[in-house]
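Each chain carries a letter (A, B, C, D and E) given by its place in the written order, and its residues are counted from 1.
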Amino acid sequence: MKPTDSTSDADTGQPTVVSDGPEDTFSFETSGSTVEVTWSDRLQDFYEEFIYKPGLVAWDDRRTRIGAVIMFVYLLMGIPGAWFYPAPSTNQVKRGLGPFETLDAPLGSTGSGEDVLGMVIHATPEMLIMVVSGGIFATSVAVLIGTVAGYKGGAVDRALTSFSDVAMSIPGLPLVMVLAVVFRPRDPVLIGVLLTINYWAGLGRSIRSQVLTLREESYVEAARTMGVSTPRILLKDVIPNLMPFVLVNFANAARYVVFASVGLYYLGVLPSSVDNWGIQLENAYSQEGALVGGDALYQLIAPMIAIMGIALGLILLAQGLDRVFNPRVRTRLAGESEATAENEDRETNTEVNI
Amino acid sequence: ANLVSNGNDDNESPRHVSHVNQVPADIQWNSSNPANTPQITNRVLFDPFVKYNFSTGKFIPYAISEWNFGGDTFELTVRDGLTWSNGDDVTASDIATQLRIGLYTGEPYADFTESIKTPDDSTVKLQFDSTVNEQIVTFQILADRFVHQKESEFGTYLETLQNDEQKGLKQLGDFAYQEPIASGPFEHDSVGQEQLRLTLRDDHPDAEKINFDEYVFEYRESNQQAQQALQNGAIDSVFSLFVQTDILKNFPKKVTQIQTPSNWGYGLYPNHSDPHLGDRAVRQAIQYVINRAQVRDNVSPDSKTAPEYPVGIASDNQTEWLGDAVDDFDTYGVDSAKTKQATTVLEEAGYQKQNGTWVDSDGKTVELPIMVPSDWSDWNTATDTVVDQLTQFGFQATKETRSYDAMLGNVFPNGNFVIVAAGWLYGAPQGSFPYFSLYHQLVKNNDSVTYNYPAADSSRGGNRADVTVPARSGSGTMTVNPAERLSELAGSTDESTVNEITIEQAWVTNQDLPMLPVLEKVEQTFITGGEEWDIPKPDAEVAQVQWANTWLPRQGEMQYTGN
Amino acid sequence: MSTDPLLRLEDVAVHFENEAGLLTDESEVVQAVDGLSLSIEENDVVSLVGESGCGKTTLGKTAIGLQRPTAGRVTYRGHDIWSVRDGESDADLSWQEIRQSLQIIHQDPGSSLNPNRRILSILSEPLRQVNPELGTSERRERIYSLLERVGMSPAQDFADRYPHQLSGGEQQRVVLSRALLMNPDVILADEAISALDVSLRVEMMDLMLELQAVFDTSYIFISHDLSNARYFTQHGDGKIGVMYLGQLAEVGPAEQLIEDPQHPYTSVLRWATPDLAAVDTPPQELPMRKIDVPDPIDPPSGCRFHTRCPEAREHCRQTDPKPVPAEESSVRCFRAQSTSPYWDSEPLEEND
Amino acid sequence: MMSISSDVLNEPQDRDAIIRMDDVSVTYDSGDSYVLDDVSLAIERNEIIGIVGESGSGKSMLASSLLDAVPDPGQLSGSVEYRPVQDQNVEVLALEDSELRALRWEEISMVFQGAMSSFNPTMKIKEHFIETLEAHNAPVETGLNRAHELLEDLYLKPGRVLGSYPHELSGGMQQRALIALSLVLEPDVLVMDEPTAALDLLMQQSILLLLRELREKYDLTMVFITHDLPLVASLADRLAVMYAFELVELGPASEVINTPTHPYTRALLNATPNLNAPLSEMRPVKGKSPAPINVPSGCSYHPRCPLDTEECRTNHPPADPVTPEHTAACFHWEEARTEISLNYAETGTNDGDWR
Amino acid sequence: MNSYYLKRTVRAVLTVWIVITITFGMIRLLPGGPLEQLRGKLLRQGVSPSRVNAMIESYQNVQPNQSILEQYYEYMTALLTGDLGQSFLQKEPVTAIIGDALPWTVFVMVMSTLLIFVIAIGWGALMAYWEGSTFDLVSSSASILFAAVPFYVLGIVLIIVFGYQLELLPTGHRLSPTVEPGLSLLFVLDAIDHAILPITSMVLTGAGLQVLAMRGNAIQVLGSDFVRVARLRGLSDRRISVRYVARNAILPMYTGFLTLIGFNLGGSIILEEVFSYPGIGYYMFQALEARDYPLMMGIFLIITVALVMAVYIADLTYGLIDPRVKSGDSREAY
């Protein structure tokens, strides 16, 4: 056995770890070619990794493709649409126009002369903001709590798990209604957050249990062995593996926000001073008598289609989003050299959360 | 209509099925208990003192067969032969008990009534502490009052009240009267979650005018459900239902709509302590800008009217009371947005338009968040229209919704609003007599709103101050004290004084706009006629009451004719 | 000072406590490792062989500080690593240094590489830890040169791949490279070659040994296959430890252990190692009285092997033999002691 | 791909085959990738034949073909004949569903790679036995008695094993329980696909020992598939070596081990760590085995072979008889014996005195 | 007592307690307390403010002058004796209102959830069996489509079509006016008649995603080794589909089923409002509007307990239905 030589380093108080030992016998520069990494390379890499390839994967799946197209339509409606299309106001057109009668109000008008299409379009931006903020809030809190609880274990885990237990045990919709009455939120970001105020809890629990398994994965252990800091392990080795699940649940949370917000607007629990499909529904239902007379049915149908469309888009997205960050799928689609180890695609279990 | 789709058909006896919008099982008939008091069923179960007829403007004697006004006394005579459903006679002391309880529970006549006596078995005599206007007394004591608190049931509460008012109020307030002893032609039979069944009493004086055995109230929660039930004949009548023009078209022919004035309607209460809405110029500008006819047409031209003059008098009575003076009054534009006038008024008051938005002299934007009960759809539509009209003119108007309960509980009492949608008239039938609505607008509204109108009662945040408005003659100004003038009216028995004060206060209202009238509601009562029921024409005088479907049977005007 | 070995395990025990199950109330204690001592020198190779579940992995992880022993000490250059970790030691070396000096290669190369990271990113991680001052370009240079060194060229191409785009052998090379980039003193290779195809195992072992010379590391090599352990240990000039139910049955240099097994269990393992040369020899009897390993929750009394040992006698059931150290080896069996009550004891009945 | 399909490797020794495979191929991707390429093989009655090859060389496909149970959407072609008694032929690939159902498990049964996943996790072991017996209309009582006996033969406690759920047993126990389950209907042939891959060596050897005993006791024919050549060497009567979806060498076990002829077999043996071989002589097999989509033309081993010639690159080598019972598919097998030396041949053939 | 059961039970009770405490505090944050509500009501009836004040001060149940801690203490002690207080709205004990309303909600929600799962399991399994067929494709699309419809939207559509247009089914309420509860066939039929539309709207919109989940599970099981081996063992297709595929595919859905019941109870608030179906959700909404604290708390509590119980039962029983899991393992609901 060789005598130790690094103890002397320790004695002099020098850091012993970065010893030059290996370089003496094996030079890292043997490859000869020097490698230059420029900023544009990095940008290029970023584009490839986070935009081009996920897009490619998403586009490859029929469901995701349709979902993306639908969501794109809503984006169009929400941004340029709401910008250019005249905002709905009473008596902007003739009262009680049927659908497809005039170009001024392609989908007809209400009994007080509001353009139905305008109402649908102008409800979109707020809805999109709500959906995104709700989705981000729910998933990010879930990820934060789930990963920390799962990874840290012990008392932290117990505390966080009890916390989410309690959060989960509070009936969601009634809670949200109470909060809506208290805060009378108008800001769509706030509404989105409020609606998902305890939606994250269930998600956090499943993320926690996934992290519990991930934490035992050899590559996480390897990272721990290398002395990588916990946040970095979570960020680099744990969370990326949760991404498929998180993305799917982002879409699910977003759909929940659509359903809940429209429902609460419909019931009049959320302040109806903004444009919302739920308010349109309520108006058609109780003011225009869409139920009994049947003349105003189109006023009911337009917002219904808007609601179902966005929900459909989100579900379809969710169906395929889990593949976006699956390296197997993306390499296959990017036409890179194929797997040599095992062949099967690991499909993440798309859990259903309503 | 009398046969229930999946009910038990052994029930051969003819019946009238009407609509109730409360869960029947939850209803209790003690009107001194604020929880779940009935809105309609009591009108069949109990006899009204008298009935106000809208087309004649007169009271029709009923349970009170005669009444005598004596300046500071008021004498009531109980109808002969009137009995309770347990067989007891309805006596003067039953009526007195009920009126005496009212002294404690804050009935309006409590303010001027000194004592209530029963000189004999059929006479009740109220003694006032001063003279009171006859109309006011009559409305306050007779209108909308029912024979419903039998002494044997309520006497003990009265006793407690007399000994310990607090305790009495609590006990009375907690008493849920579940199996009422009826004074009306129908008595309580059974009640459930879905329906209340009343059966005909043979010993009621008007029993022989009624040829059906049961009066049933079926619960329909929403307007839509009630509409549908009417449409498909599941119910025979609805006492009051907002039905939009389009839907009305689709109703079967046999369904008759009886319209009566509600003397009530959609208006806006400005908060007078708001820097902008406290400014008459802004209120006038708003009133100018609002196109009331357009609002009416957006909501439903059949069930709403646009009042001609923004004064505290119901449309139907405006010409009658204002007489020739009407020409001096400003309409503020019934069917147009008088933007020019609005602009002039505002600019004179130092406001100006910046980037299309009106700002005050300090550069602060005039913000008009109009609060409205969230589940009153017609008012929401009206507000939407108003908001758009105001926005087009350059006000920063928005709609804000609250549940009506929240408004009652929090918004109104605390004055937590800038401008709020609320009823600008007193309501039927009292609203027919201008005093009530003027008082409502200028001094003390019955929604307990704190709105700081200077002339208002202190309990509303005002200090019964004088109000200065341009003189009606066209030059100079006039300063009056609405609170004093109206109490003068209340104590006056002289018709010309009443007229003079009414016009004067209407003028103040018209000029200062303590509230902004927009619409007036037309009550829609529906009764099915056709082959089954023999009912009068919709515009028949006898039907011009609140509500025809509870009154016509007593008059023998609603007869069952066939299957 | 210099007498301290690189790593020393003193009387180490690792007990796992399982939560009570549905039907049982008491929690169970698995004695994965029990009262075991071992030391590893610089540039050493120590192989651990034994049946599945006998505690090889647990022992390995305890040695490199991934598993906290429930009893005993693990020292690194004479310092108790867990005291250092808890900040209770006055040694002038940090936990971070120890952590970086003791690395691991897992059995399944596929699962020890994060499927979501490219090879380049995976291999950058150790450099980030050890040489944080390196720039991106320098890091890449080092990675490329090491990849070429382990036989993966063109390095740039391989570095750009995801783990699933590599074959098992290549994956294991990446795992090895990752450990080596840490510049560790000890690498625990836990069944590092078992998942590879037979034909690749020798190649991998050769590579590991070759790089040992270059990088100056010791190996703890875990395998259930005696012939692999022999190949690796003999090349590395180290020792083989035979484990049985959390204890070391026998330790010794490869050649000696295989040629002259002292412990009956070592003989059993030898029997189990296929022998190409013995194709024609007729099959032997099972050299044990039972096939299945006893439950580590409730290990047998006395000598833990006595329930299966063909040579067991009554004495083995009652008394636990102490390890008998010899020159370079140590055996934990009465049969290695010429004087022992064992020799006078009755053989065990067939069914214990 | 050159097709010299007449190369029935063991034509000469076709004495009493219980199963004959002729030109059996399995394709995926609608015929684009062959994962079993024209394999012909005769399995003799009561023998243990070991089939050896690298991972992915098509061993499992061969096993599945025997029962016409290739996983979807694989296409199986060729002929598989089953001969329950001499001179009676059953063409397995032409059987009706019900006949196939009867053949499987009653005549030929199979133990899969990975016993852990072969049991229904929500059923006790006993139920597996019972349902198998019932499905084949076998008397349950006697069947269970047989199961008891089998389990005992396999050194298991029948009562405990039968009453357990699969997850309650260790890997080795599950594997043995599965073997017992496969024998409960008294089949003639037992096909085992890597039955011991997940176990440690001691357990593997123990099971092999038990299999040997079972063969004696129940007159079984066994097909034993593994990637671990040394493991089967002592168990099998004959060995077949697969490379790139084809059989490259077939012969009696001792001949294949002691005098391997195909360069691949020799390389494989040299790469295998061995207790007796001198360390310096172990050499890994160079290069990589081909994927099903791009198998090299000619001899598929030629890119890795030290002896390859032009001929190897273009022509597909036929199975050449080395001895009457030993064939190799190589043009240069004679050179191989001299050119590629074996690392253990010289050392003692009888080093087993430690036992 | 087994320690796991004990621990789990304590945790469930603790959770309920914490939720009660939190909701108790939170509900008191609501603007406009019940007394203000009542004040408004009285004032509207023309009662003079001084009398209103007098009445309110003497009003029972909630004493505004009591400190929140005292109120909390009283509420908790009352709760332990099963007393949820008096409703302001109804002048009835909260327990009576809940007792009257809960069975109807439970009926609708349990029926819906059951149907959702029955449909999901059957349909999803068939889709998995015929994976890739037209049937599978059409069913998948339909499932996704239905999942995109909020239940209340479908509810409205159903009301319009079957209630108002075709007049085949009632548009709301628990029962027809003439039918009173009792153990008669008429009652049962009428109750079902009224529950058809609410249940249908829950089931059709809720089943979609569950069908897809079942399909995924079943496909996974179908591809597993033990199914392949079972086929080789010659088991009948029926046995394989029931005992192997269905059993193993349903397992992961079991906890979801129980938690969905609890979850749906919370959702009843919108459903019952749309259908004017007086169950607990309906009363919850009424109570919220009227700031009827005791009623609100009571219903909140019931739904919470239902949720906690659902999860609790799921946790405790999962070990019984899946032999691989001992209760005590980390495998828990959610």
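Here is the rule we go by: a residue touches a chain if its C-beta (ideal position, glycine included) is under 8 Å from a C-beta of that chain, and two chains touch if they have at least 3 such contacts.
In UniProt terms the chains read A, E = ABC transporter permease; C, D = ABC transporter ATP-binding protein.
Since the model is a prediction, treat every value here as computed from it, not as a measurement.
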| item | value |
| --- | --- |
| Between D-E and A-C, the pair with more C-beta contacts | A-C |
| Most distant chain from chain C, judged by the mean position of its C-alpha atoms | B |
| Inter-chain centre distance, chain C versus chain E (ABC transporter permease) - centres from mean C-alpha coordinates, in Å | 54 |
| Whole-Å gap separating chain A (ABC transporter permease) and chain D, where each centre is the average of the chain's CA atoms | 50 |
| Intercentroid distance (Cα basis), chain D paired with chain B, Å | 95 |
| Whole-Å gap between the CA centroids of chain C and chain D | 32 |
| Multi-partner residues of chain D (at least 2 other chains) | none |
| Junction residues of chain E (ABC transporter permease), two or more chains touched | 31, 163-164 |
| Sites on chain A (ABC transporter permease) at which at least two other chains make contact | 181, 285, 291-292, 294, 340 |
| Touching residues (chain side chain B, partner chain E (ABC transporter permease)) in the complex | 4-8, 17, 23, 26, 28, 33-36, 104-108, 110-111, 165-167, 169-170, 173-174, 176, 192-195, 216, 218-219, 221-222, 224-225, 228, 232, 403, 405-410, 412-413, 446-448, 459 |
| Partner chain E (ABC transporter permease), residues of chain A (ABC transporter permease) touching it in the complex | 63, 162, 165-166, 168-175, 177-179, 181-182, 202, 205-206, 209, 212, 255, 258-259, 262-263, 266-267, 269, 281, 285, 290-292, 294, 297, 300, 304, 307-309, 311-312, 315-316, 319, 349-352, 354 |
| Contact footprint of chain B on chain A (ABC transporter permease) as seen in their complex | 89-91, 95-96, 111-114, 181, 268, 271-273, 282-283, 285-289, 291-296 |
| Residue numbers on chain C that touch chain A (ABC transporter permease), as the complex places them | 1-2, 4, 6, 41-44, 64, 66, 77, 92-93, 96-97, 99-104, 106-108, 110-117, 121-122, 125-126, 128-131, 136-137, 140-142, 144-146, 148-149, 155, 161-168, 170-171, 175, 178-179, 182-183, 185, 213-216 |
| Complex interface listing, chain E (ABC transporter permease) residues touching chain D | 224-226, 228-236, 239, 243-244, 247-248, 251, 322-324 |
